[in-house]
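Here come two complexes built around chain A, the first alongside chain B, the second alongside chain C.
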Partner chain A sequence: MTSYLLRRLLASVLILLGASFIVYILIAYSGDPLQEYRASNLPNRAQLMEARSNLLNLDVPPVLRYFLWLGGAVKCVVPFAQCDLGSSIQGQPVTAALSSAIPSTLQLVTGAALLAITIGIAVGIVTALRQYSALDYSVTFIAFLFFSLPVFWVAVLLKEFGAIGFNDFLADPRFTTRTIVLVSLISGVVWTVILSGSWARRAITFAAAAVVTGGIMYYLSASDWFAYPGIGPEVLVVLGAGVAVAVTAIIAGLQNRRALYASLSMVVVGVVMMTVAAPLLNSVSLGLLLLLGVLAVGVGYLTGHLFGGYDPAQSRKAAGLTSFIVAVLVALDRVMQAWPTYYNNGRVHGRPIATIGSATPNLSGDFWVHAADKYGHLVLPTFALLLISLASYTRYSRSSMLEVMEQDYVRTARAKGLSERVVVVRHAFRNALIPLATVVAFDIGQLIGGAVITENVFSFKGMGTLFITGIKNVDPNPVMGVFVIVGITAVTFNLLADLAYSALDPRVRVRA
Partner chain B sequence: MSSYMENPSDVPPDAAGPLPDQTRGLSQGRLVLKRFFGHTAAIVSLVVLVLIVLLAISSIGLGPIPGWWKFGYTDIPPITNGGHPTLQLFPFSLGDHPFGQDRVGRDSFAMTMRGTQISLIITVLVGSTAALIGILVGALSGYFRGVVETILMRFTDMIIIIPILISASVIAYKAGNIGGFWLLGLFLGLVSWTGMARLVRGDFLTLREREFVDAARLAGASDRRIIFKHILPNAIGVITVNTTLLMSTAILLETALSYLGLGVQPPDTSLGRLISDNQAAFTTRPWLFWWPGVFIVAICLCINFVGDGLRDAFDPRQKKFSVRQMRRASRSEQRAALKVQAPSAGPTGTVGGGS
Partner chain C sequence: MSAVAALVGASALALAACSNSPANTPSDSASGSSSSSSSGPTGTVTVAEVNTFFSFNPNTSNGNVDINSKISLATSSNFWYIDDKLKVQKDTSFGTYTVDSEDPLTVTYTINDGVVWSDGKPVDNSDLLLAWAVESGYFNTKDHSFDYAGDTGTLGLTSFPKLGDDGRSITLTYSKPAADWEVSYSLQGMPPAHVVAEKAGLADSAALVDLMKGEPAGSDNKTSDQMAKVMDFWNTGFDSTTLPSDPSLYLSDGPFIVSDVQENQSVTMTVNDKYVGDHQPKVSEIIMRSIADSTSQVQALQNGEIDVAAPQSSADTLQALQGLTGVNVYTGYQLAYDHIDLTFNNGGPFDPATYGGDAKKAALVREAFLKTVPRQAILQAVVIPQKPDAEILNSQIFVPAQDGYAESVKNNGSDAFPGEPDIEGAKKLLQEAGVTSPTVSILYKPSNPNRVDDFTLISQSATKAGFKIKDDGDEKWGSRLGDGSYDSTIFGWINSGVGVSGVPQIFSTDGGGNFNGYSNSKVDSLASELLVTLDQSKQVSLEQQIDALVWGDYYGLPLYQSPGVVAVADRMKGVDTFNSNQNGVWWNTWDWSVSNG
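On to the complex of A and B.
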């Protein structure tokens, strides 16, 4: 195992070196960094050219220049050495530019990747279980449509309708009757397609979905919810109970009463915490918030363990997951409470959903106002990125699940009388996830590449901007900086995927 | 049972779907064609795609082909009606400027058609170049294995690590500046072949162990003949499907690069370039922004559906299961008083899936 790991690491390093050499040479030969001075007629043209030439070592041939760059870059992995990725054409050190660009891109990509993986896998599994139903066909069509959407086009549309349109709506957040009726009807159709069944059942689904949607929209509109959003203890009880039942139904099955009670008790704890521990959340930092999240999961685990039952592991999982989701809901509620403050902040001008940048400059306010600000800036770019990677996850998990459902061990599981839930969740779902490890690893690298365009449209000061300016200025060092980050991420995730593969599937043995 | 077929495991006897009687004796190519024509979405997409290509080429002409549209993409006619689009559906009429005019008066329809032409040409170029390189690399490494495979696959890994947008934009900026869109397409092909190479290699690795390859070798065939005459035709399914998918990503790649200002350079235009030029005018002239995007989505969607149809046609294991077809089949069987075999309810829906 160790020797396999070492060999893989060595191969990865060599591949990275080779790839970085290719990229460096390509940029070096892609144009003339002195172009702007050659065309100009500044009096000190010669000195400027000389200065830039010295800065970028232009008198050294590109092949040797790569090794100069490599010499500096290697220091980044050697302890106690000054990390040196060269400087940009304006003389700014690349390491400094990168350290401000990486967090910005990371925020964008992490959110989009997590959402895409969760939603994509869920949708893929459900469509695989309902193969060739109306739902399957609609999702397939939508997935193909998302595949075919140019991200920059979608991003511009999102800016237009998601930001400018929505902000206009927020000025007077009331739905017209026509909108309510229309959306209710659409919701009815969508739910009917999702649930299907006999005609009578479809009619009931349609009516119920339409009425519920219409009711919610009317309530939101009448109570001015969009101006003063929030969840509140009452709604949390309903939402939490729904979450608890759903989580238990999937993880343990509803006949496992102890798991159900454990999950439901977590909802009670959540509501109590929401009302009692509210002051604690007023002055909170990100670290403390994460700690509280971990604590919530821990409490859930412990409660599940104490409730026990014939399979304590199931109770633990169900209660832990419920507890986590309820905790997220409580935090969400707190962000919503900060929304009016954020909305009325002088810096925001009543336009909370931003079209450019990653944060409102000089925004004053507590942690939650900043969280609302983050949301306002990240929601649209994340959505744009989400749309494009969602489709592939849906397709991959669908076909993977379909393949697994045909395996002999699924038939065996059914034959020995296991319930459909156990067959799907325990036997099929886990195995369907294995091939996805590779897809996820491959997609992470591509996602950072895709972020380049999204950042461009939304004027994010991230790695994408750094990269594009670098290419247009024939400036190798920033481009190389971005490539190094992306390349290392891609190589690492590929390695992790291979290791995860052999860990998840004992049939795949690493060649030790 | 399989004696009448050349490559028994290529087409399992039950693979032809619920109507095995009608497919007996058909060649592999016929079978694929038949299945492809049974795929409604793919056929509709193919027709739409052909119509788009015909429209793009015939309207403003390409090279020696004359066009029937009154304006060229560089003409600057006077602005009429504030540049609003004149396209009418009921009753259908194109008017003077069906997609409107831009700020200086250029005809948006002519420009969109030119953009479609360029984007399509680049797409085809990328597809064919990448397919060619990918097939070659994959076939050589899969067939010869050993040192050749190690070198070629390590090289492929190296290219794969570079996200395609990064390598493409570095290359495209240069190519778009010096050689126009022909060179751009060619160079983009040079960086997009890696997926194809891996797939073809995988196919070759299994195919080279098969009996018909041994037979060919015993008969004295050279390596070249075995690769191109014996193994490659058997890998044609993977290659065709992947080429279409390659082309659908290629059009998105090209438009994205042109949008960033790294692809097609003015005075020529492409669909991505049109969107980037006109996004600032979204509030005043939204039609300039809508049409190029609609064409990108339409082309890409069509290619994807054709690819999906091809995949189903080449890979009968993932065959679409149609309840209606199954019922009809079983009914006709009953009517013919043959031995009735109830359609299995398994998810594949192919008859005798468990046998």
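On to the complex of A and C.
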């Protein structure tokens, strides 16, 4: 194991060295950093060219210049040495530029990545279980449609309708009767496709979904919900109960009553916390909020344990997960409470969904107003990234799940009389996830590199922007900085993926 | 079962119902710009810019990027500023300057009493002396120098200045008359001398003045250690992509002061309450947001996130902007212009040496070639979609916004080259020269679609007249300029707007921007005369004479000025033209105002 690791690490270092050399040379020969002065008619043109030449060591040939750069870069891994990745063409140290670009990129891509993985896998599994159904075909079609759309175009459309259009709508947040009827009918069709069944069942599904959607939309419209959104204890009870039932059904099966009661009791705790402990949330920080989230999971876990049942582990998981989701809903409600304050803030002036940047400059307000601001800024780019990355996850998880469901042991499991839930969740699902570990690891490596186009369109100043600006200016150092970070992450996560693979799948062994 | 699932699903999807009633919503009138006091500056203006802010000293060659200068326009004062008509306007509420004598040229600058930095310290002769030291390059040596972005040529003619007894005036004496003296000495964006002094380890600004008095002039001498510290701090000490924790690094003596910087995203400026001049602001806050993408600027303007959009001009952008409601769109020209130059000294078709020194013959070939340039068609293809009322540029020296343009165009012989090509005339000229189908190579940048349009149209037209055109599109065109490897080149120049030192730079025999071997002794002597002419109307007349000589020599042709566009939300007043120089909309921040918050 140790020698395997050492060999892998050594190979990685060599790959990084070789790749960095190639990248450096490519950038150095990609253009002329003095271009802007060449044709200049400024009287001090020669002096400006000399200054830039000195800054970027342009008198040294690129091959040798690479080693100058490498000399500084190596210091980043030598202890006690001053890390030196060079300066950008504007004289800013690349290390400083990276330290501001990385958080910005992470902010943009983390949410999108988590959502894409969760939704993508869930949808992939469901479509695999209903292979060749109308749902399967529809999802495949939609996933590939979004996958093939250029992100800059999606972004422009999202801004047009999701930001500008929605903000206009918020000025008078009422649906017209026509909209309600139309959306209700669409919702009916969608649910009919998802649930399918006999024609009679489809008719009932269609009618029920249409009526419920219409009702909800009418209520939202009539009660000015979009101006004063919120969840409230009553709805939390309904939503929470739904969550508890769904979570229990998947994790433990509804026949495990103890698990169900444990989950349901977490909903009660959640509602009580929402009404009684609400003031606690008024002056909260991000750290405290995360702590409360962990606490919620812990309480759920403990409650599940106390309820016990024939399989306490199932109760613990079901209650823990329910508790977490309910806690998220409570936090969401609190953000919604802050929405009107945010909406009416002088700097937002009634246009809460933003098209650019990661925050409203100089926004004053408490944690929740800033949370609303983050939501207003991140919702569109996250959605854009989500749309284009959903396809690969659904396809991978679908094919992986299909393959697993064909395996002999699944047939054996069915043959010995296990319920379909146990077969799917316990036997098939886990094994289907193993190949996805590689895909996820690859993707995380790429995500750090930033989403160049998305960042540009939404004016996020992350790694992608740093990279593209460097290329435009024929400025090797920032590009190399991005390369170093992305290269190291990619190599590391590949290694981790391999190790994880062997940990997850007993058939794969890492041998020295 | 499925109906129940649909019910649960639909309700889960909608996150329904309501506990958040209008009653429990706190009103928020205190925050942001909605504070409504009856007098004084009110409201926020948000301006989109392409670049990101990174230095509080825009005068270093590193920091000299448009956005840093724009921020400094709002946060510093100067004896003069340049308005949107490219005229130098004096700001006598900051200080005054008078020409004491024209021979030798002596100018005294005096800062008004009571003008202070935002930390309360006066703006005094240490600031005047430091600005002079930077802009003259007086102390610069081989190893240590002020890394000044501008040209030290003009102030380099001055000797060590005399400081006034009032402690806030300086007298500069030039060794010979300098045409650009007025725009060469500037306090625009200059960091405070007392901060530079303290950061370089000196006691105060008086110590800095003493240091400079004792320091020998540069060139061969060695810079003292203390002076080197001053230079180093001036060069890099004010670079920061964030708001420094030390407020002395972003002091202001202008109407606004920076109050917040979101790295690479935005810069916020609020009113500088220590400012005493005439440029009193009408808005309480200006926010600059960096948005590189043009479409994003348009949509941000539409969404009310910004009030001013100044994206890169393109036909699509203009169309999108004109489609918005509640927005005023102004198009105009930038100072950049494209031109085609012919090479005089490479043994090619335009070089007299090719014809055994027959200058007349070479001139005929040049004239013939220029006759074929379809300037109107090029304008139609490149500029008209972005600026429907655009016209071809008819002067090698002036742009239409400048005073001398109209008269110069009348007399410089440009009417011999109207927008439409004269193929027959060109053929006749070639015949007269006795040259058949000369080969002309044209150097241009192939990744610039405008230049490709220029080249294609010229090439088609010139071929009709019997020229053989060699396509010499090269990404490395910049480094080939002046090496004689091409007969003709299409590229862009930037008119300085004010000042005349750019003229000899291009048209003098030994000018640094003379890439095509153009040499005319009359132009040379007029250009040297121009550099020492103080009277502005005389300067214009000299420039007009040079313009006519250059046209008469069939030097090349100016093609068109690059168009520019700026779009302003209805709620904002104070921006009502496209300002052509690099200051963009920022030249008059004190005139900006907004209705409703």
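Observations on the structure shown:
By our rule, the second predicted complex is superposed on the first by the 506 of 512 C-alpha atoms of A that agree within 3 Å, B and C clash if a C-alpha of one lies under 4 Å from a C-alpha of the other, contacts with A are read in each partner's own complex, and residues count from 1 in each chain.
By our rule, a contact is a pair of C-beta atoms (placed from the backbone, for glycine too) under 8 Å apart; a residue touches a chain by one contact, two chains touch by 3 or more.
Small disclaimer: the values here were computed from a predicted structure and weren't measured.
Once chain A of one complex is fitted onto chain A of the other, the partner contacts of A:365 are limited to chain C, with no touch recorded for chain B.
Judged by the touch definition given at the top, the superposed model places A:67 against neither chain B nor chain C.
In the superposition on chain A, A:51 makes contact with chain C only, not with chain B. Of the two partners chain B and chain C, more chain A residues are in touch with C. In the superposition on chain A, contact of A:449 is made with chain B only, not with chain C. Of the two partner chains, chain B is the only one touched by A:479; chain C is not. Once the two complexes are laid over each other on the shared chain, residue contacts for A:409 go to neither chain B nor chain C. In the superposition on chain A, contact is made by A:458 with chain C only, not with chain B. By the touch criterion defined above, A:169 reaches neither chain B nor chain C.
When the two complexes are overlaid on their common chain A, residue A:160 makes contact with chain B and with chain C alike. Residues 31, 152, 156, 160, 456 of chain A lie in contact with chain B in one complex and with chain C in the other. Those residues of chain B that touch chain A in the shared complex are 154-155, 157-159, 161-167, 169-171, 173-174, 177, 248, 252, 255-256, 259-262, 272, 275-276, 279, 282-283, 289, 293, 296-297, 300-301, 304-305, 308, 318, 320-323, 346-348. The part of chain A that touches chain C in the complex is made up of residues 31-32, 34-35, 38-48, 51-52, 55, 90-92, 96-97, 100, 104, 152, 156, 159-160, 163-164, 167, 187, 191, 195, 197, 201, 204-205, 208-209, 212-213, 216-217, 219-220, 223-225, 227-235, 238-239, 242-243, 245-246, 332-333, 336-337, 339-341, 344-349, 351, 353-359, 361-365, 456-459, 461, 465. Within the complex formed with chain B, the chain A residues making contact are 11, 14-16, 18-19, 22-23, 26-27, 29-31, 131-132, 144-145, 147-153, 156, 160, 399, 402, 405-406, 445-446, 448-450, 452-453, 456, 467-468, 471-472, 479, 482-483, 486-487, 490-491. Across the complex, chain A is touched by residues 2-3, 5-12, 14-22, 24-29, 31-35, 44, 52, 54-55, 61-63, 65, 147, 149-153, 236, 239, 241-242, 259-260, 262-266, 268, 285, 287, 289-293, 295-296, 299-300, 302-305, 475-476, 478-479, 481, 491-494, 501-502, 505-506, 512-513, 515, 597 of chain C.
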